[in-house]
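Below is one structure. I have some questions about it.
Residue numbering begins at 1 within each chain, and the chains themselves are lettered A, B, C and D in the order written.
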Amino acid sequence: MIIVMKAGAAKKDKDEVLRRIKELGYTSHVIRGTTRDVIGAIGDERGKAALQALETLHGVENVLPILQPYKLASLEVKKESSKVRISDAVSIGGSQIVIMAGPCAVESEEQIIESALAVKKSGAHMLRGGAFKPRTSPYSFQGLEEEGLKLMAKARELTGLPFVTEVINPETADMVADYADMLQIGARNSQNFALLKKVGQLGKPVLLKRGMAMTIQELLMSAEYIMSEGNQSVILCERGIRTFETATRNTLDLSAIPVLKGKTHLPIVIDPSHGTGNHHYVAPMSYAAVAAGADGLIIEVHPDPEHASSDGAQSLKPSKFEVMMQKLRLFAEADGRKL
Amino acid sequence: MIIVMKAGAAKKDKDEVLRRIKELGYTSHVIRGTTRDVIGAIGDERGKAALQALETLHGVENVLPILQPYKLASLEVKKESSKVRISDAVSIGGSQIVIMAGPCAVESEEQIIESALAVKKSGAHMLRGGAFKPRTSPYSFQGLEEEGLKLMAKARELTGLPFVTEVINPETADMVADYADMLQIGARNSQNFALLKKVGQLGKPVLLKRGMAMTIQELLMSAEYIMSEGNQSVILCERGIRTFETATRNTLDLSAIPVLKGKTHLPIVIDPSHGTGNHHYVAPMSYAAVAAGADGLIIEVHPDPEHASSDGAQSLKPSKFEVMMQKLRLFAEADGRKL
Amino acid sequence: MIIVMKAGAAKKDKDEVLRRIKELGYTSHVIRGTTRDVIGAIGDERGKAALQALETLHGVENVLPILQPYKLASLEVKKESSKVRISDAVSIGGSQIVIMAGPCAVESEEQIIESALAVKKSGAHMLRGGAFKPRTSPYSFQGLEEEGLKLMAKARELTGLPFVTEVINPETADMVADYADMLQIGARNSQNFALLKKVGQLGKPVLLKRGMAMTIQELLMSAEYIMSEGNQSVILCERGIRTFETATRNTLDLSAIPVLKGKTHLPIVIDPSHGTGNHHYVAPMSYAAVAAGADGLIIEVHPDPEHASSDGAQSLKPSKFEVMMQKLRLFAEADGRKL
Amino acid sequence: MIIVMKAGAAKKDKDEVLRRIKELGYTSHVIRGTTRDVIGAIGDERGKAALQALETLHGVENVLPILQPYKLASLEVKKESSKVRISDAVSIGGSQIVIMAGPCAVESEEQIIESALAVKKSGAHMLRGGAFKPRTSPYSFQGLEEEGLKLMAKARELTGLPFVTEVINPETADMVADYADMLQIGARNSQNFALLKKVGQLGKPVLLKRGMAMTIQELLMSAEYIMSEGNQSVILCERGIRTFETATRNTLDLSAIPVLKGKTHLPIVIDPSHGTGNHHYVAPMSYAAVAAGADGLIIEVHPDPEHASSDGAQSLKPSKFEVMMQKLRLFAEADGRKL
């Protein structure tokens, strides 16, 4: 921490800051500037919140943190990229780009099976689909729940594709983990710490979506919650942030890829479907994500988007997905990776 | 819903839109414009998501919703302002402005009792304090949990002040409801629908905070979640939204007060402590909130902010709170209300 | 400046940083931390940009500025609040709250005279009106230009109200200054540095609006541009920032009032008309602005808003303005000030 | 325009709306819904602002625009992509991706010549460099002005590279146009309408940067300003928007590429240097931009970033630029285009 004093702060104010720094177990170090003094507080960062409260002291201008507040997720603790194992055939984080595809929500056996066969045919590595749906409106379709999980398991049996599905409640998380190969934490639950702790205690990989107003640092802190409970198999997912622009449903922040690659060893996946909210923009944003270095993509594909029970406007038809996958392969190869 | 066709859309595209509208159970109505046609879909709005998916049809430019997606929370359903009863002495939503004050987190018996006595002396009507704390870092203080609830109950016994405290998990919500007079849903859980449904089933008033990137419409949809489960005692709370500005921790959106007053009958409370993140700005923003028509305020007061276990920088000392309350009374009177 | 080194940065990297700091004319000061070193660069802040470029050096994590980049606008240079004289009768910045009111654009002699008489009758101190209009569309009404200035001068003669109007081009700024009592820099020109320099050279007070995506620090930097050219008569104006919320045209950031009062001696005026974009929200936001400590308000009033050539939706009718002014007076008195 | 009436609006309110629509020269068309009526106003969109003002009428819920407010820039007016000619050798908008590179500011003859030779060697097609610099601080380096233009012309003579440079003032725009091959409108002047009109009257192509808080629709409106003055040679440039995220200087909105491709025939260029503010992120964002379909890139390259007079932290060294260009070529080829 760096404590910046006000210009002309009184000696007794500085002495009080020094006293508090000592009281909190840090060593202090004063730099006398031309117009004001700056005080460094040296020590372990665990007491950070308490140090930040020094801002309320008289004569203090502001308090600047120096260290990142996450540890297990950081490159400082683990320098080589993590490769998260999903199944015998699928791992996320290596030179193989992993594509997860499928409908927003599981609606029926026919729909999920048709989707699974179609995305597998085009080269997807995993199936996605929601059984528990967090919907903005209480009057919207809330998902088939356990029945949906069973249908996804059936689709997996048929196609060999492992599947990812969302958990929305600590009370049903164990049940979801019994079926799924990877658990998704949705954007609206990205700081639902009770749920993060719960999935940290389960033995399944977690796909952690960035919240709509979540900084990259906060995303890493949410990963840290899961990891600090013992589960190191965390995959980060950028899915668009909320900005003033309304031409897209969210603003897909692809620069999060290189930023995260410079801060964490965890793999990074992009969701261009929610990130743009419009099926016309999914292919170009998928190409861009791969070119920027994403470890995988999660894409909504629905056999009949106009009749989808949710998010039809952003779902690709299987034929469009097929075309996209072929071109995506070229970009993967240009980057020296496989699709 | 209004479906806007592209300029020069083919007749068969229009016919397909009309067919789908009918299939979804709506009546259609075509307006032929100078450069393009516009189609109205008339009927009950429950199928909205399905109508939105018409955007994927060929020849469709975009789909514009007409109706608000909430009902129970709307002024159309209930025209007079709601008054939510908290205790025999306290109701929120009338000419009495309700002040809730206390520390961010319950830390010890001494601290919560001292806080309760101080805020009561200055005229607060309710005590606030966190027993379960949703903290960004897993390494920060997470609250005293049930022990904290017992201490708040003790403070209530001593001072007569009813108290509000946060629920963060459906699994512990019943326990919190056994102690508290009002349940708080925090900003990070404002779209945790599992939790919203749970508090909708409990018989206690709910203080629902606006999420950091939540539109006013989404806030009303989250209220609708609680109300549609049977609990009509919902109080909305603006606590700052996330913007590009960093001079304040959040940007307190006071215009939410008149906007909400024009859309809902539910009472509106302002949290200037989280809304600004700086104790220097709490008093002027409290005056502004009352002048703009807020039904209440929730304010962090801590006997020793520099030693607070969380959010010390935004907590008022009791002496500052006392001064603020005196001036606040003048603004309440200028508005023809009581403090 | 504080230069934070990476954990485990090599000695030669640190030596290079120290060499560069010296080369740029600063004194350096090293703090050895538990996991990384932090280097202070002590000296005058004029070379700031150059210091920031040290971020590109090997082994450097980031560079944190310590000093505010503005001087003339800061409280450190001038501790007492500034009172900007507009005319013999009107000054902005004292215990008198100054109300500027009038139409968005001057449309005709009849319209501006009727507006001026109406706002004067209700107690406004200045007239506002646009002669040069910066419109988003090239096809929208662009203002009466010099003819509009003449009409405003006529309205001033008749009512005694000094007037403020916008300048949009360095080429026409002298002409506007010949007529107007105060020059307005609009939100879209808030970082048009050529225009800022120009009004800095003219002898008229300047009302500087905050840009839609402008931080408070950048607003003060734009004021500094004007002041560094010799014109100290600058009044800052908050008029809403752009956020994700669409229920209001902009998000009026009233917390800018106490934030600015803590950083600058310049007066602060609020524009609730552009800040909300909706005439229903103008009165409550005006009350809130006064309660929060604003030195003045600038409000759109139009005798016939439904026929206004621009911004009708946010204009008050004279009768509504009259009602608002009466209630506003009560809030001003509650704050110990005059209206 | 679609005018949505309030539920239960009185007949006389509807009649007044119909009267006004007629008065403004539109034809009206009423759709009677289950809970409220919706009125379509059919006709040419030039009177849009006036229609929007109908929102102030009694009984009106809101007013929804149907048509885009731009014409010349729209795909409806011109269906095939535009190719903007810069010089005999360079055009922007075809299968050739155009790379503009060079320093943020021209600092000296040696610096700009060295930069020009380096970027040419790596395959850039145009030189960039600022002679007039819009700097946030009045105390920062403001550019070499005409001397800088002469140095860029010298570099052009030596290398054959046409150059782009910024105009910041209508008064000096002619002079800049005498030297430059393309005029840049910077992000801070993107709604400086006096300047847009001026460059619309000059015979040089214009690179129009998106403002920090500018929607895509507003960007097209600013292009429309230039085009409506007679200059059709406009190139749009996405350079990052301002959001809550601080890990990057701005958030580069690459989804603007497919969105713009669906709305306009004008070419689209990406600025990853300002878009991220960090030289580490320039290469991955450049690859992503090309994969998403950008027509060109504008990149900061400086022979000695640590000593740059501005924006050193986001400038690439020539050696890094060379490596990037080689990999960029692979992505261009994967997309079936040339670099």
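Methods note: a residue touches a chain if its C-beta (ideal position, glycine included) is under 8 Å from a C-beta of that chain, and two chains touch if they have at least 3 such contacts.
Just so it is clear, the model here is predicted, and its values are computed rather than measured.
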> By CA centroid distance, what chain is farthest from chain A?
Replying inline: C
> Pick the pair with more C-beta contacts: A-D or A-C?
Replying inline: A-D
> Just how far, in Å, is the C-alpha centre of chain D from the one of chain C?
Replying inline: 26
>> So the centre of each chain is just the mean of its C-alpha atoms; given that, what is the distance between chain A and chain D in Å?
In response: 30
> Roughly how far is chain A from chain C, going centre to centre by Cα mean, in whole Å?
Replying inline: 38
> Which chain B residues reach two or more other chains?
Replying inline: 213, 241-244, 246
> What residues of chain D sit close enough to touch chain A in their complex?
Replying inline: 213, 215-217, 241, 243-248, 251-259, 262, 275-276, 280-281, 284-285, 287-293, 327, 330-331, 333-335
> Contact residues on chain D for chain C in the complex?
Replying inline: 20, 46, 48-50, 52-57, 69-70, 134-141, 168-171, 188-189, 191-195, 197, 211-213, 218, 221, 224-225, 228-229, 241-242, 278-279, 305-310, 312-313, 315
>> Touching residues of chain A toward chain C in the complex: what are they?
In response: 2, 4, 7, 29, 31-36, 38, 40, 42-44, 64, 66-67, 76, 242-244, 246
